[in-house]
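What follows is a structure written as structure tokens; I'll ask about it next.
First chain written, first letter: the chains are A, B and C, and each begins at residue 1.
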Amino acid sequence: MHQMTLAEIARGLKDKTFSSVELTESLLARIAQLDPQLNSFITVTADLAREQAKAADARRAAGESGALLGAPIGHKDLFCTHGVLTSCGSKILTGFKAPYDATVVDKLAAAGSVTLGKLNMDEFAMGSANESSHYGAVKNPWDLTRVPGGSSGGSAAAVAARLLPAATGTDTGGSIRQPAALTNLTGIKPTYGRVSRWGMIAYASSLDQGGPLARTAEDCALMLQAMAGFDPKDSTSVDQPVDDYLAALSQPLAGLRIGLPKEYFGAGLDSRIADAVLAVVEELKKLGATVKDISLPNMQHAIPAYYVIAPAEASSNLSRFDGVRFGYRCENPVNLEDLYKRSRGEGFGAEVKRRIMVGTYALSAGYYDAYYIKAQQIRRLIKNDFVAAFNDVDLILGPTTPNPAWKLGEKSADPVSAYLEDIYTITANLAGIPGLSMPAGFVDGLPVGVQLLAPYFQEGRLLNVAHQYQQVSDWHTRAPAGF
Amino acid sequence: MQWETVIGLEIHAQLSTQSKIFSGSATTFGAEPNTQASLIDLGMPGTLPVLNAEAVRMACKFGLAIDAYIAPKNIFARKNYFYPDLPKGYQTSQMDDPIVGKGHLDITLEDGTVKRIGITRAHLEEDAGKSLHEDFHGMSGIDLNRAGTPLLEIVSEPDIRSAKEAVAYVKAIHALVRYLGICDGNMAEGSLRCDCNVSVRPKGQAEFGTRAEIKNVNSFRFIEKAINHEVQRQIELIEDGGKVVQETRLYDPNKDQTRSMRSKEEANDYRYFPCPDLLPVVIEQSFLDEVRGQLPELPTQKRERFESQFGLSTYDASVLSASRELADYFEAVEKTCGDAKLAANWVMGELSSLLNKDNLEIEQSPVSAEQLGGMILRIKDNTISGKIAKMVFEAMAEGSGESADAIIEAKGLKQVTDSGAIEKMLDEVLAANAEQVEQYRASDEAKRGKMFGFFVGQAMKASKGKANPGQVNELLKKKLEG
Amino acid sequence: MALERSDVEKIAHLARLGLSEGEIPQTTATLNSILGLVDAMQAVDTSGIEPLAHPLEATQRLRADAVTEQNQRDAYQAVAPAVESGLFLVPKVIE
């Protein structure tokens, strides 16, 4: 049962081959059995899941239908879930049972999905290895000594290990696409503003975007269809109709113009990943695509710009965690300053503190122009690169990551080395364009991903190309041994 | 040495919207603690702001009223600092691109001169909550009902030169925001609060002195006292060889002192940056045209009209236009009696003292504009004298609602204008004071002038004030000159 | 522009992050290596480029002025560390 994709589950539920309650029980048992190896869940919401599954079965019996009605999913633990611990992987949110639901949680619940739990993540989504969680590192099901990627590492590990068919994630600099690549999944970061951020605890507001991780492009389409849409509660949400992603999947690729940016294939890229990516390009050509070499000349500046903008926004976004109205408060504060400093000093982990300090510094008097304004100017240059490139091509393609999954602990001593792993993904966040990662093969038995980038609001195109590729390839069907 | 005072004011006006600037919570004053604090106001993780359209409209109204530049694109920024009444750890405000840019406001000084005060900018921001310091086992209690209430912060140029000017300016802003209906102006409830930037410099010096900021002064009287105190403190400090330090001070009305606020002094690096949860606010010209079309007649326009239409002095016109309600009252009196000067005198004189004495607003006046106008009509047609009018007014002030005519009738206060009757009464008065008449007739011009008043007094007394004073004067003179 | 210990202490204070004595040297070194990465940006010519704060360059939508929230104090304060009489308690605020 656990090997089924969301689309297969939808058919099974529709045909009454099994009920949502049966499927939910089976996956809950599987989580209990296997997750101790992975640590992908922070909270398993068994009671809620059983209740929702029963309700979904009842809705179906009453004649309702819907692709997600009765489908089990999990939420990255930064989506607020009413009455359920929402931790952001941080000690500072100890005991924080959110008093409301995120819009994404609401929408997926309304579609009839069943929440099995809250998934582990890098603390406040800061990381690309899922090692910074207060609730412990998550392991990659393809090799338990390796990281699953981050920050949506719990989502990726749980879906890759077939504990869930799909999960929500968020992507601020690659946090959906990179773990998807490292665990053989398909994941999409939509256009900034396509998915509501209401109830999605912010890391960097102008970069954060929610999206799904699943095993196929088709499943991502099913999830995104339910997640996307205008939300009056989010000022940055875009008031524009959502495309029919499922309908887009079957479009032929004939005439598709793909750009290969030379900067994505330069130094630092594992040549075996380059080969895997180029092999995907060959397949797409067979499907009718044409290929063009392009350049995104400012890509190299993306990491410095990102590591100013994201920490700057984070330093302010995370000020509300002060031990006053919710979450962790230090023992016996002697005065107000002590309350703040110890609650935050004890409540935040090392990586979060580092980024808060970098951001605080970048915004402080005398440095604002040199850091923050400069980074925003580079941000425009990066956006301009994409706008120019999309005049000539429909899609940009390259590797998702320069390397496959690394060993747990390998990069923890040197945060900068981990930052460099974001090189291919963060440009999409800075420009706000949609990006998708899909399985492209294996290097030393470890999955690697290919990334597709499209102009604003062309999520349908990304899912279409990925789906068409997945019709002629089988990387995405492979499961890690033991799962 | 001669010193000159330089003052700039920052006025925080709470906008009278129904809901908060970024959330749908009510803004009602005085609710139970934290019952008007929504997820957004509490800064709950994951919550996001959406801007209140009415706050934007009100800011634009103000901008148009002070003839200011209104930014077609204005931006919200975050001002970062930690304080328990600031739930998000930042205040959403405007820094580089405020909604209202440079404008000005004319104030009328006591001597009737009009002075133009520059307004640097006015920007939208959210109010903070309140810390309550009653002893909760040595802790403070935080109430976030006020957090997120929309504020318009109005920043003046350092154009103000005395505490009196400062008060006149705050009164003018107070009048304006109430005319515009964008702020209730209730200073006791904190709807209008004032920070005063005060410095002194030797007369003639071009550079400004170092300024101190007096925070949150909450009444007209305290503004005057706090500034006067602070000016004195600075002058004494400098004359004793000391230096003014740039700092935030608090005015203590009980001790009539300002004192340094150490807690807010240190390390205020606010790290402003554009709020990434809010997008640039675009103000279309068509929207401004619409708002302009809805503006009421403003205090300055009203003052100028009162001067030209009614021939009032600048000072009187400015007093009468200080609030929309007072101006409306005055105009209603004028309309009834057709005499603007008498109307102005009565409204600013007897009526004002009456209201002051009982601490009443003009809307609560026991004497209606129609009653007062009706009474003035009787002065004009000589039915009563000014003196008698005061008695009539006192009777009306008791609030029975009776018209002046009814009171005059009931109390028999009608003025005597029949010259026969007056002459008869005068003859009696002169006969009773034959000795003084002798003296009068023997005196020179200068002395006679003084003595004349005595006879008038006796005559009015004899007539119980009802004799027409003009006639009394005229006839009396004739009779005495013999 | 390498940060020194005193800079790190100042930044930590601004951000109200308690750092132990032992954490400061390591934090200083790591922050300097991050800033080293970031400083590569200074070589880019950005003269005349307008900063980009939001990717889509959209404009703010306005909300109608209506009260849509009801009192939910009890539910919201259920997650608070210390409340009394409906107030959030903090160590004494000194002005």
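Observations on the model:
FYI, contacts are C-beta pairs under 8 Å (C-beta built on N, C-alpha and C of every residue); 3 or more make two chains touch, one makes a residue touch a chain.
The shown structure was predicted, so the numbers you read here are calculated from the model rather than taken from an experiment.
Distances between chain centres, each the mean of the C-alpha atoms, put A farthest from subunit B. Across the two interfaces under comparison, A-B and A-C, the one joined by more C-beta contacts turns out to be A-C. Measuring from the average of all protein CA coordinates, the nearest chain centre is that of C.
Centre to centre, using the average C-alpha position, subunit B and subunit C are separated by 41 Å. Centres computed as Cα averages put subunit A at a distance of 58 Å from subunit B. Mean C-alpha position of subunit A lies 23 Å from that of subunit C.
In subunit A, the positions touching at least two other chains are 96, 99, 206, 232, 235-236, 315, 319, 322, 324-326, 336, 340, 360, 364. Subunit B has residues 39, 42, 44, 50-51, 82, 84, 142, 269, 271, 276, 278-279 in contact with two or more other chains.
Shown for subunit C are the residues in touch with two or more other chains, namely 14, 16, 53-54, 58, 60-61, 63, 72, 76, 82, 88, 90-94.
Remark: subunit A residues 95-97, 99, 191-193, 206, 232, 235-236, 238-239, 298, 301, 303-305, 307-308, 315, 319, 322-329, 333-342, 344-346, 348, 353-354, 356-358, 360-362, 364, 370-371, 373-381, 383, 414-416, 419, 430-433, 456 touch subunit C in the complex. Residue ranges on subunit A touching subunit B, taken from their complex, read 78-80, 86, 88, 93, 96, 98-100, 102, 197-202, 204-206, 232-236, 312-313, 315-316, 318-322, 324-326, 336, 340, 360, 363-365, 368, 372. Residues 17-19, 23-26, 32-39, 42, 44, 50-56, 73, 82-85, 131-133, 136, 138-144, 250, 261, 263-264, 267, 269, 271, 274, 276, 278-282 of subunit B touch subunit C in their complex. Against subunit A, the residues of subunit B that register as touching in their complex are 39, 42-51, 78, 80, 82, 84, 87-90, 142, 269, 271-273, 276-279.
Residue ranges of subunit C in contact with subunit A, taken from their complex: 3, 7-8, 11-12, 14-20, 27, 30-31, 33-42, 44, 46, 49-56, 58, 60-61, 63, 72, 75-76, 78-82, 88, 90-94.
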